[in-house]
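Since the structure comes first, as structure tokens, the remarks are kept for the end.
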């Protein structure tokens, strides 16, 4: 890497999971949109062909009209080549296939357990963690070996447990986890300002929030726009929409229906607990006692959100594979469109090209004093040249402490037990999950069945 | 108070709830059993006649053969008279009557919620707290006014919330909560040493334990007898009895059946979580997810413990009233018998007559670093002349953190909301209780019904 | 205050000490240099005429060529008028006159104690604190009464003790202390990058530092420019200049000579303690054991810095008074020139017009875990709309902990005792000061003499 | 080890420094005085002959009239034999000889630095630490290898730095440091109770104190006897004796003169800082700014304590060697006399034969929240079967925080640098010592001279 005037050049990014048909393209778009960085992105994926296709797609971008920076893309077949000399490592992988995810999400239905996402928390989240943690152990070891000074940005779920694994294996790692769920809530607050106060042209980034909690179960304890405290505004908004829910655009498309959300969960949690729950309702619901929002499909419907079936994901993947082929062959032109993700801005800040304060997932150094030190939490942090420092967020408010502390502790415990390949230990945490309301015996039967169903990826535990 | 040689004389104890037919007699026995203290016990009770009877009973003790110390008992009809000049205040009251407790314990059964005790946690514990907290506010205010330097010993349940209220109202109070549940577990460990190692004559007090948690959901992270680490011994014991349970004496008496316990819950928790759950199974079960041990009466039976019906308590009270009459009239002779409680030893230690390290309920100064500062927790503490200092207990082990942190936070929150007379706030905590696994709507219906049923004692909330 | 598009208008700033001939003019310049804010500055000063003159001077600025924003200036004769409705309060006062400061700085010379500044630490700093603390009590009470939601920016020395007093009197105050000494060190690091690495055009703001310590005894534990860790660069620089010192421009002007500094103290501390001392040498020296740099004038000279005589300040004041008169009368034109201070940028950030991470003086919430909670410390903090949150700075490195913890504790103690009007308590802290190396008896004699000499301003202590 | 009824038998104690003519005999006496333990003491010393002599002396004790327990003594020539299988390890060594100590204590006089003891703090303490730390590294490594579960009791000075070294090298070590200085202060408080209140027969152990600080600079924040708060009593006592000092028996013996102390330092510190300084004046003085009590011999005399010359120690050693010979030959009979030390009671408590709360030196787990975590501090702790847990002591009072935090940090830093063999790092801490008030240059000259003078024992640093 080097700096030429106000630009960083020859930046090397290693992308683990670089064959992705989604996140990878988003990154390509975002990298092309800023004019003060250039370099090479090494695409590493266990599906080398996928990486290879993305190499071709990525290298085609420089010809786009509004491409502001030239990045070279290189598919590599071993992780050493990807990591050696890397300034940044991006991790965005799918642990296993959608068949395993289908088991994670839908097998529990047999036991009366419903899940809206199933990739972060609950039965599905933990099983996914069991597959993911050993992969992240390997990645962390490789980073320690090949690029210990690189900044590591994780996008993979279950976010908290992935980041925790990186730090457990290589405590000096410069890693953090990135998630856009808070942004969605900021947008909702923009809407509330528009609806209730008639404001216009409010930018998402100008909603300044204090974030506490764990990923996908994050909460805002302050939200401010200029001189406006948004809490009373949001309270009016919540009271107005608590029964009907709020949906900007009704999308009748079959595909999108499964991501629909009417913010009723979010509103309900706010009205009861006084802090602003700040993730999609599908995520929030999974961290709450199962009887609240996920008791059965009728309950889910009543709360106005959707259970995303993995069949949808499979269908969606097909579409993305087709699109990949079209992009690769040149049949379809790559459209540059900023994603709204902050990864590229974080990279710029770490390169010293700007300052940035935003929310991330990192170990607790005391930014949330009433959660355990070292537990991975989500709060704001200051990104500056080669530096990431948590911003003091304060205690979890008493009202939400019982909801969050338990899931924080549960996730820490799953990682700990999984690293020891101690499935009984994992189960002991599993059975405390808020969305697993079964007798211990039934929970064990379900756990064993879920493991058996995905055992292809769990050999290291036996 | 004064000291004459090695004795403390003219000690003044105020007993709030001094009309009790149970605890009060135990205290009388224990006070008569030590020879280095004497003084006066002021009996205050809203049932003045009951206090008056106990005055007579207490003053009769000095004639008993083995009475080692003379204590005078005086019933007083106002709290000012009881507290003024007191060196010690003992609080042991029944908030409301057994009719209210009947509602607390049994009304939830209509919603499918079963409770084995119903006085500490869960629906019953919280409703009881709603009645108790305003009483403790008054008591704390009176102590602040009449005897701010007195040591205050609470025996009333819900323990944690009672002690918390005292400190919230009068932060300088010298109060602590006392509970014998840990002693029961120490006795079980004695049994394990006898059964598995053939030891004899092991005394309960010689089992040295490290206590963490909240009252009635206390756990041991260390247990040592001389040079023996009891954990592996208890593991053998647990493996042996995990299916059958352990019951020393089968008591077919109808009355006792409702307190029976085969230690299966305790053993199950130990085998899953690695620390020793240290309270009666009836209490432990109520702090766990409802599906585990309290799903329905069959589940309870399977786990070998009993749901104590309040009808039993009413029956038992009748017997105790009869006994009270007999003791009062002289028909029955008061039998001096040490209770095994440590209250009197704690008093001696606070008077500087001995040192004592034992478990108590006090605010967290850091003795459990991963629970919130200020939350009322149960750990060991050192009692010395006019001083009570927590002993460092260490973090909750990761395995049990998710189980305990949530209930600790829930109880803190109930007190906070109850002090503000904020029933919505109380409900928001109520619905997070592990043994309330209902939809929010059903939970609210149950909550409202429970409140309505006991509204006589809840007028201050409306 | 209101927002019109991207501008904040009708912002009200209260300036306590608004008759100043220095800081006030700097603020006027800086306010005129940004184009997205406008409003009114209320000038309050015990010297009302001075405030009145500044009103005229300030209101003349809008005619300057490069004036980007129109601010109105109004002198007011009572603090209520200044504070009522204020969005921001700036405090920059001289406690007492230069006659008192002359006693603070020079009287100790009689006892062999030399001071290079005498306004922050040491004998002079403490005496100044005794005068200042009662004034800040009044200010804090007034803010509590008239504008409790205003942001309060303090520039007055002794910084730490002033900020502490504000928080002690009104714990909910939104106050922070601002100081430019770290900027000076950042500039020196720019120089080191230029000298040792040949870099050009490096901006002060682009040197990203991690700040720990107390005001004027602040240290950098990290310093980064883009991808360059500055510590090894600064080490080379320090080795090169440790004997000769580093002085960019030799200024033979009599007046400037007393502020000269050759960075030898700073370099010496870095080479011995491994962190970068980040304040002017004249300040740093006063926080170190007296024998190190301030033993006598010869020692001071050897270390290449100056003892600033108060006679110089008096002379300088005369010049500034003359200038004030010229500006007031229009004889001299007000020259707009940015000061390099960050106050105006902090105000913009608090108004939500930008984000800013910079160093401030606020109570310790855990940003420096090994200093006492609540002690006023200097670290980075994030300024965002109506929000100021400390950035986690980490422990003081072990090497400098002994140097800093003592002075941090000493200053906390002085405030505590002064608030109680307990001069014996103040003296007990005074005699632990690193630059007061006298027998207790001599120290007391000096202390009493210093108090007597400035008793006009210390009546409240008697 | 085994238990037979209420006795512990076959206890194995390893005594490192077992050739001692002082502490070793005290231990022999104390062991003989309790009737519920017996076993073997392995005497290991680099002076094997000395150990051998002590073996003979120790084995002769069983014939004494009042010997209650039979302990066997065995001199061993290698540390492995001493440690293997040990239940307890006692460390009480002299690092180097009195020649080195002579340099430690007296060489600084040439630079105007006087020391009253010179074994804990200041120039002498640090130089002694430099010799001792490498020895303790070896001891810690050996304990880790041969008896990792043994309890380790250190008596060696510099206490704090010795204990710190043990934990740095072997973090799981079960070690603590024992010191009787607090007992001396408890005795003084007994005297105050007698003098000012006419009490009689008060036992030292019944003065219950809350201890904070570092070894030899320990302070009491509470002192209670039964229902008497001793602070106001001690204040009267202090006011009475502040000018004359308090000396119970004037001892004109030449030898004792050098340990004399009139408590004037202790009283002065109490009257200024409000907490009770709780070590001998000779120790306390060395932790204070040099100008206070140790400026020169006249100052020392004025404060009524003595500079203990090493010539005295050499003379004393001669006498002890003669006594050793007489005891060994049988010419003199070993007199059993309890020492008042608590080591044997601590051993009994760790064996589960009693409970004990007393002061020890161990790492800070939060028992003193405003000192750094992990720093070795002195507070109370609870000794129970195989367990030692700190008792919460609370924050250092603000008044004494500046005095203690700096020396705590200084000692931590010396250990850290010495373990890295970094003499520049050691010097950087050395020059911050309160009793080294020299220019950096002079301090370095003195430091180098002191090192050179004792280089025989410091080879590992070069």
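Going in written order, the chains are labelled A, B, C and D, and every chain counts its residues from 1.
Rule of thumb we're sticking to: a contact is a pair of C-beta atoms (placed from the backbone, for glycine too) under 8 Å apart; a residue touches a chain by one contact, two chains touch by 3 or more.
This structure is a prediction, so every number in the text was calculated from the model and none was measured.
When each chain is reduced to the average of its Cα atoms, C sits farthest from chain B.
The mean-CA centres of chain B and chain C are about 56 angstrom from one another, to the nearest whole unit.
Separating the CA-averaged centres of chain A and chain C is a span of 43 Å. Listed for chain C are residues 369, each touching two or more other chains. Judged by the touch criterion defined above, the protein chains form a single closed ring in which each chain touches exactly two others.
Chain contact summary for the complex, chain C toward chain D: residues 268, 272-273, 289-292, 295, 299, 369-370, 372-373, 395, 398-399, 401-403, 405-407, 409-410, 412-413, 416, 424-425, 428-429, 431-432, 437-440.
The touching residues of chain A, counted against chain C in their complex, run 1, 3, 8, 206, 208, 210, 222, 224-227, 229, 351-352, 355-357, 365-367, 369, 380, 382, 384-387, 389-394.
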